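As written, the chains take the letters A, B, C, D, E and F, and residue 1 is the first residue of each chain.
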Amino acid sequence: MTDSIAEFNQFRDEMNQLILGAGNLTVNRFFALDGKCYEAGVLGASTKEMLGLVSSLVLRCDDCITYHVIKCREAGVTKEELMEVFAVGLVVGGSIVIPHLRRAMARMEELAQDGKTG
Amino acid sequence: MTDSIAEFNQFRDEMNQLILGAGNLTVNRFFALDGKCYEAGVLGASTKEMLGLVSSLVLRCDDCITYHVIKCREAGVTKEELMEVFAVGLVVGGSIVIPHLRRAMARMEELAQDGKTG
Amino acid sequence: MTDSIAEFNQFRDEMNQLILGAGNLTVNRFFALDGKCYEAGVLGASTKEMLGLVSSLVLRCDDCITYHVIKCREAGVTKEELMEVFAVGLVVGGSIVIPHLRRAMARMEELAQDGKTG
Amino acid sequence: MTDSIAEFNQFRDEMNQLILGAGNLTVNRFFALDGKCYEAGVLGASTKEMLGLVSSLVLRCDDCITYHVIKCREAGVTKEELMEVFAVGLVVGGSIVIPHLRRAMARMEELAQDGKTG
Amino acid sequence: MTDSIAEFNQFRDEMNQLILGAGNLTVNRFFALDGKCYEAGVLGASTKEMLGLVSSLVLRCDDCITYHVIKCREAGVTKEELMEVFAVGLVVGGSIVIPHLRRAMARMEELAQDGKTG
Amino acid sequence: MTDSIAEFNQFRDEMNQLILGAGNLTVNRFFALDGKCYEAGVLGASTKEMLGLVSSLVLRCDDCITYHVIKCREAGVTKEELMEVFAVGLVVGGSIVIPHLRRAMARMEELAQDGKTG
């Protein structure tokens, strides 16, 4: 956990700009699609963010987990609901998920201390 | 797609019995925990089944996908909602998910023809 | 190896139609993107198909391997070149790749016997 | 579970011959290395086979699981010991491992009925 | 390798407390099960720790590798035996395992310098 | 991104020496094989490095990605070609690949600033 959420977001934004600026049509379309698929449809935005979060957990990607934890909190998902998402991810994905769960927990603490979603 | 849902369920039941009958405490507790974690809590059963489904999709396990598609349908998840779960799984997990999506689609057809969830 | 390449292609086409016909915009755009990304660009089509093949090997997806083996052969990739793609996939992905390599080999035999790419 | 252990072994042998006969030096050396690494060293052969089995379980490769279950039984690993290997694989890898555990159990039954390792 | 084993252990303990304190029954039972499954049974504790280590290697989880390397050393597994566990993990999981092997090696050095297991 | 390419290379070299010095024959032979498989054969070195890069991307290993980005650039692969390799990796592996793509992009920037491959 070497960087804060602010640093995470800054690196994310800078690199996204570099990637999109490189002008590869497939890559740019994929990024657009990635944004689109979490917009509310027949399923609400909070459900979709929880789907993104549990997928990130079982695939064990810390950056993706951080991103979806933030988005879940913004969409109104409660801490108790997040724990149930974590529970499904943990049972499906096994103990190998635990280190990522620890870092997800640290991110939730960080969000609470920032006063944004506590 | 060599076996029907009925055959899938029969093999599943027979092997579960063999596994649980082998008397390993850790294994048996894990199976109990696996059942428990999809019960309604602060999140409803249908949301939890969708979480299980998207996890199975991105981890690319056909049997798990079949199981959660059936459970989702039983919990009242509509075909249009399932397509949105598939969309998230596809974007997160990539084109490597597509063959599993095809088999999931075949399972949905099979369920519809069985008159259970069509 | 329960089905032939002809059966594989038929199931693939039928399910793709069902999926695309379900009308989920994200899913349909993803399928379009998937087709696009193997078209010749600054890299030729045969190089891109080899990239798709080695990715499928290390992610261990038989259907994807079958698809890209066929496409590689159509794009003029020789058997000796395919063996070098397999070698990279095997070293990167480890012995867990071997069962998929066996099935890839059986597909190459099947293609040769069909007189298409032998 | 469409083929018997005998059929599994026959396909395995035939494809291995095709692969090794293709004359790619890296591939052939990898196959030799794969055989070597399970030979008794400071760890005994049964321990190494159990290491191969649990790795195959958490990476979810049915053919590799079948192979190492057979090898474990030949090396004298008991059913109770195999259940403990399965327990570690299940806890580490999660419920996504369960379908593979079912097929491993079916293979153990098949071996018992063949009178080889019952 | 930004943190020491002492820092790793501190973060691990603090986050485990937060997770267990959140009061999700499934999560808490999973953690209990995770502890249980490495206790000596018909297989000894050192064998079980080696099973946990090789699983962590092929699934490529640095924190899990660090944890099981420490536990293996405490259970009396020698460096030569650890190298044989690494060899199986490397052959099964492929070259993608190598960066994790490097960090495992650095952890073994760190343990030796701490005078605990050198 | 806590360390520079120079630091990455130093850690890599030191740990490789420790690993190879430990004297495990399987491990040492694997390392030799890993070096061999990227040498030019019927496929050129640049194609093989691109195969290694896309495999590393879809398996999501930052160190392997860094290594193959450097090697690709040394073998004359252009930035535009690298973007097409990234595009295939992104479509095959999904959005879970994106954080690794960001770090790959940062490595390409670092290489350009070092004046080696800009």
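What we mean here is this: a residue touches a chain if its C-beta (ideal position, glycine included) is under 8 Å from a C-beta of that chain, and two chains touch if they have at least 3 such contacts.
If you're wondering where the values come from, they're calculated on a predicted model, not measured in any experiment.
Student: Any chains in contact with both subunit B and subunit C?
Tutor: Under the touch definition, subunit B and subunit C have A, D, E, F as mutual neighbours.
Student: For the homomeric pair subunit A and subunit D, should the interface be classed as same or different, according to whether the shared residue numbers exceed half of all numbers used?
Tutor: same
Student: Looking at C-E, A-C or B-C, which one is a repeat of the D-F interface (more than half the contact pairs shared)?
Tutor: A-C
Student: Roughly how big is the turn, in degrees to the nearest 5, that lines up subunit C with subunit D by CA atoms?
Tutor: With C-alpha atoms aligned, the rotation comes to 120 degrees.
Student: Centre-to-centre on C-alpha atoms, which chain is most distant from subunit B?
Tutor: F
Student: Once you find the CA centre of subunit D and the CA centre of subunit E, what distance in Å lies between them?
Tutor: 23
Student: Indicate the whole-number Å distance between the mean C-alpha point of subunit A and the mean C-alpha point of subunit F.
Tutor: Here subunit A and subunit F have centroids separated by 26 Å.
Student: Centroid from C-alpha atoms only, then distance subunit B to subunit E, rounded to Å. What do you get?
Tutor: Between these chains, centre-to-centre, one finds 31 Å.
Student: Pull out every residue in subunit F that's touching 2 or more other chains.
Tutor: 2, 26, 30, 33-34, 37, 55-56, 58-59, 64, 80, 84, 87, 90-93, 95-96
Student: Looking at which chains touch, is this a line, ring, star, complete or other?
Tutor: Topology of the interface graph: complete, with all chain pairs in contact.
Student: Sort out for me which residues of subunit B touch subunit A in the complex.
Tutor: Interface residues on the subunit B side: 33-34, 37-38, 41-43, 47-48, 50-52, 54-59, 64, 78, 80-81, 84-85, 87-89, 91-93.
Student: For subunit C, which residues are in contact with subunit D within the complex?
Tutor: Touch residues, subunit C against subunit D: 1-2, 60, 79-80, 83-84, 86-87, 90-91, 95-96, 98-99, 101-103, 105-106, 109.
Student: Mind pulling up the subunit C residues that touch subunit E in the complex?
Tutor: Its residues touching subunit E are 58, 90-97.
Student: For the complex, give me every residue of subunit B touching subunit D.
Tutor: The contact residues of subunit B facing subunit D are 2, 11-12, 15-16, 18-19, 22-24, 26-27, 30-31, 34, 55-56, 59, 61-64.
Student: Provide the residue numbers of subunit D that touch subunit F in the complex, in ascending order.
Tutor: 25-26, 29-30, 33, 36-37
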